[in-house]
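Next, two complexes with subunit A in common: one pairs it with subunit B, the other with subunit C.
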Partner chain A sequence: MASNLRNSSLQKWSIIIFASLLGFTLFILPVIASSIYSFQKPGGKGYSFISYTWLLHQAGFFPSVGTSLKLAVLAGILNISLMVPTMVYLNFTGQKLKPLVDFICILPLVIPVVSLAIGAQNAMPSFLQNTQYELVFFFVIIGLPFTYRTLDTALQAISLKTLVEASRSLGASWIRTIIRVIVPAIRGGITGALFLTFALSIGEYTITSLLHWETFPTWTVVASQQNILGAIALSVFSFVSAIALLATVALFSKKGARQVGVDQ
Partner chain B sequence: MNKKDRVSSTLELRGVSRNFGPVTALDGLDLVVAPGELVALLGPSGCGKTTALRIVAGLEVATSGELFVNGERYNEVAANARDMGMVFQSYSLFPNLNVSENIEYGLRARKIGSAQRAKRVAEMLELVALESKAKSFPHQLSGGQQQRVALARALAIEPRVLLLDEPLSALDAQVRSQIRDEIRRIQLELGITTLFVTHDQEEALTISDRVGVMSNGRLEQIDIPDVLYNNPVSTFVANFVGTMNHIPTIASGDTVDIFGKKIRVKNSKGVNGSVSALVRPESIEVTRTSGSGNAKIITRSFLGASSQIICQTAEGAVIQALMPSHESGDLHPGEDVTLNVTLNEVLVSHV
Partner chain C sequence: MGAVEAQSRVRSSSRSSGVLPLLPFFAFTGFFLLWPVVAVTLKSLKGKNNEWTLDNFRPIIHSGPYFHSFIVSIKLAIITASIGSVVGAFFAFVIVTYVGGRLKNVLDSISAVFANSGGVPLAFMFIAAFGSNGLATKFIRFLGYDIYAGHFTIFSFTGVVLVYTFFQAPLMILVFQPAISGMRKEWREASTNLGASALTYWRRVGIPILLPPFIGAFFLLFAGGFSAYATARALTSGTVSIVPIVIGALVDGNTQASQANLGASLAVGMIVVALVIMIGYVWAQKSTAKWRQT
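Moving on, here comes the complex of A and B:
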């Protein structure tokens, strides 16, 4: 019995050590290495911010970051305003349409990006095709599989039907019910969906490149071909931004969860 | 919000039916709830009582039939325009709003000014004795407190009719009777017309003016609790309300033989053969016999003023009797006793 216990705890520890080593070599080591490398002076003598200042002075850095942020925010907002009422409707009324909508929302993951980009672009009105704002709609589409699931989980965690009925019987309209009761109750899910769409949009490369628009990811590829240390600084910058974004999501969803409480 | 300030409403359902596909949940319900009256709809799950309540609330649409409040047709009135306060089994407080905000939710929807809202919230908190919890969130409250907030929230809008959908089912036994009495006290204090749905006969009998027993979407009997208990019109009502002994016996003509005594049959006259006679525990008298009686005592449980005696007849039937404790103190398990029925008329059901 005692030796069994020792064996199993030994086993546990060796797994933990192995996983940590693997994670360190594959994940943390490259990050540390490239972080150090990005601060090196060209030629290898000493450390400075020179690669980062080079980055900031590159033509197109700020405009591309600005474009990406703008499109990502718009995509996040559009996605939420489209999906929240849809998901509330699907969860509140019969479930008949739900599998269909679920299927449609999964499609962006299944359809090859090239077909998606070209096909969906052809379906857009021409005034949209000529502006970078067409990307917002693509970003909304690629965000659908994730927002569907996030919002669905959030809505299933609350007793949607009785909350809606309570609100209605107290004299509230549908709009009031959604804004004052449902949205606050699924706040965690909504912020999660918002940030997922935002993160996906910020990092989207393939469609943007296929349709010849310049956003931060496409600019990165071009810029990094000119300066190797600058390219590394760029990847460290992107990585740190992504981590910061993820941390924000985690923080917001936790806050939302706490507000809703646990015993419903 | 005193009894004098407000006019109570009459609620009337005429032939209200509801079908879900091929299933008839409600089958032509006729019901009038008088102003200030508390009527309970009692029945097993699936009897249509909740459907009836939801149709009154406007959360469900009647397939046929009409609904009136104070003589005004309500079928087409939207749920949020009906002015009905509803209390749900699952409390369904808004989790993101605190107690005060929950109570004032309906007032905000009615665009009532903040000073008046604050005054009403204070009144409601006092009514349910939760003044100290005004700023608490629902998840910080116990089940009983949450249900009191739900009641205050429903009453804050001065509803025409108060609808209670199994409001006590999610609470534990002790809190249940406390909230039950509180609901009745408040209902009487405000004189508000109330429709109360429950599957618990004790709940229904203790606080209602009238109780309607439902089965298969129909109202079997509606009357004051005393009549339901003492004069059930059908075996279904007799079984559902209160405790009932089923004594196996033989019917011949209009009488049955119970413990050697001929008793008139109240329902299904002219039945012959094996039947069960339905007898309340308090209609059975247990007396000690020196010789061999017609039953043996299994247990006697002291309940205070009365005691429950469980006996087994020579034929093997288990009979429950309820007697004043001072008359049954000398009855002990294992003893031979004689059972008697103190009734002139009895309901029977076919076996």
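Moving on, here comes the complex of A and C:
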């Protein structure tokens, strides 16, 4: 028995060590390597912030960041406003239509985004095609698979029926019930869904470039043709800040963090 | 169970139930998701003079480059989904079995970032890390192996495979974890009590149960690898001719009507492949559900 235990603990630790090494090589090493690289001086030895400061002097930098932030915030808000009532209703009432909504929400993962973009070019009325805000709607679409899972998990973790019935029988309207009772109860899930939609929107390239708009990612690709080090610095910055942000959220929120991600 | 059902039926009759509250959702996804798909399909079936035709699909089947782009895309999807699902499943197993609490939350969140970071930043980070002068390349060379000794460059097909693995494996970690968490301790105990070794347990219980969700996750990864555009575009500036890049070139270039229709037919071709994958995914989900019930 004792040797058995020792055996299994040996096995356990060798698996953990192997996994850590593999994880380090596959995921951490590229991040560290590119981070260090982004501080290298062009062509020569030594390190500096030169690639980062180069960015700030580019005419397109602030406008494209501004556009991306604006669109991402709008997409996050629209996503939540659409999906929270939908998911609350689905989870509260009979679940008859839930499989259908589930199916529709997985579609953006399956239908190639390129095809969706080409379709959008043909299908969208011209007043929408003439404004960059058309992207917001498609950012919401590509966020759906994640929002659905995240909100569904959050709603199943609370006693939705009791909360709704209590609130309704006290005379609150549906809207009031959602805003005052349910939203606070599933804060964690909503934050997670918001963050994910925001992150996806900030990084979205395919639809944006095929519909010929300029946001942060498409600008980065154009800028890379002038200065690859600048593009690397930009990429490292956006990637590392995304990780830092989500890791912090995960570390400090007990309930909410678990709902970040594709919790199927 | 019956009482609860009856109760909920009473409740639902007392309230204005129906599809009305779901209307915004259906309207939104109908207009911004389904309608574009229908529109691109219609366009692919239209000829130069707006007549119905299947001509736009002819180049995909007959002409070398377009047919070839589908082969390259499918190959890329199969290779990266295979590597990603095996590596990701291993990490999912380790995380579920040995990691708990806040560290698990952090790992999950990092996986979410990695899984969704398939995009422009990833491409440039990998150029920095695995380019011919990249620091990871130098580090590996220092360890005694020169990845540039053969034909490898980060801007090639193999390079794209490497970068895709970086987001495919974390996606697998996310989607496969629930399947592993669903494995009951009792199953292991029961099989041990019946005298089974660890190997027998995995062969007779573990793998048969995990296989359907594994295949389902594989299909999901396939779909992701098949349709990814940004990373390959930024990494190779369009030299690895996967379908999305060919479509992008058609759309970006001086768009003649015939080319636009060809772009549409390529887009529909991608949807068709994706739908086949979806059928596989749904099948796998059903098999998973069957296991869960019993």
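Couple of notes before you dig in:
Everything below uses one rule, namely that the second predicted complex is superposed on the first by the 243 of 264 C-alpha atoms of A that agree within 3 Å, B and C clash if a C-alpha of one lies under 4 Å from a C-alpha of the other, contacts with A are read in each partner's own complex, and residues count from 1 in each chain.
Everything below uses one rule, namely that a residue touches a chain if its C-beta (ideal position, glycine included) is under 8 Å from a C-beta of that chain, and two chains touch if they have at least 3 such contacts.
Quantities reported herein were computed from a predicted structural model and do not represent experimental measurements.
When the shared chain is aligned, subunit C comes close enough to touch A:242, but subunit B does not. Residue contacts after overlaying the shared chain place A:41 against neither subunit B nor subunit C.
Of the two partner chains placed around the shared chain by superposition, subunit B is the only one that A:159 touches, whereas subunit C remains out of contact.
Look at A:169: by the touch rule set out above, it reaches subunit B but stays clear of subunit C.
With both complexes superposed, C is the one of subunit B and subunit C in contact with more subunit A residues. Applying the stated touch rule to the two superposed structures, the overlap between the subunit B and subunit C interfaces on subunit A comprises residues 165, 260-264. Of all the residues in subunit A, the ones that touch subunit B in their complex are 158-159, 162-163, 165-173, 176, 180-181, 184-185, 187, 259-264. Put simply, subunit B touches subunit A in their complex at residues 57-59, 79-86, 88, 90, 92-97, 105-106, 109-110, 137-140, 150, 153-154, 157, 163. Listing the residues of subunit C that touch subunit A in their complex gives 8, 11-12, 15, 17, 19, 21-22, 24-25, 28-29, 32-33, 35-40, 42-43, 87, 90-91, 94, 98, 102, 105-106, 108-117, 119-130, 134-136, 139, 165-166, 169-171, 174-175, 178, 220, 223-224, 226-227, 229-230, 233-234, 243-244, 247-248, 251, 263-264, 267-268, 270-271, 274-275, 277-278, 281. Within the complex formed with subunit C, the subunit A residues making contact are 12, 15-16, 19, 22-23, 26-27, 29-34, 36-38, 82-83, 85-86, 89-90, 93-94, 97, 101, 104, 107-116, 118-124, 137-138, 140-141, 144, 146, 165, 196, 199-200, 203-206, 209-210, 217, 220-221, 224, 228, 231-232, 234-236, 238-239, 242-243, 246-247, 249-251, 257-258, 260-264.
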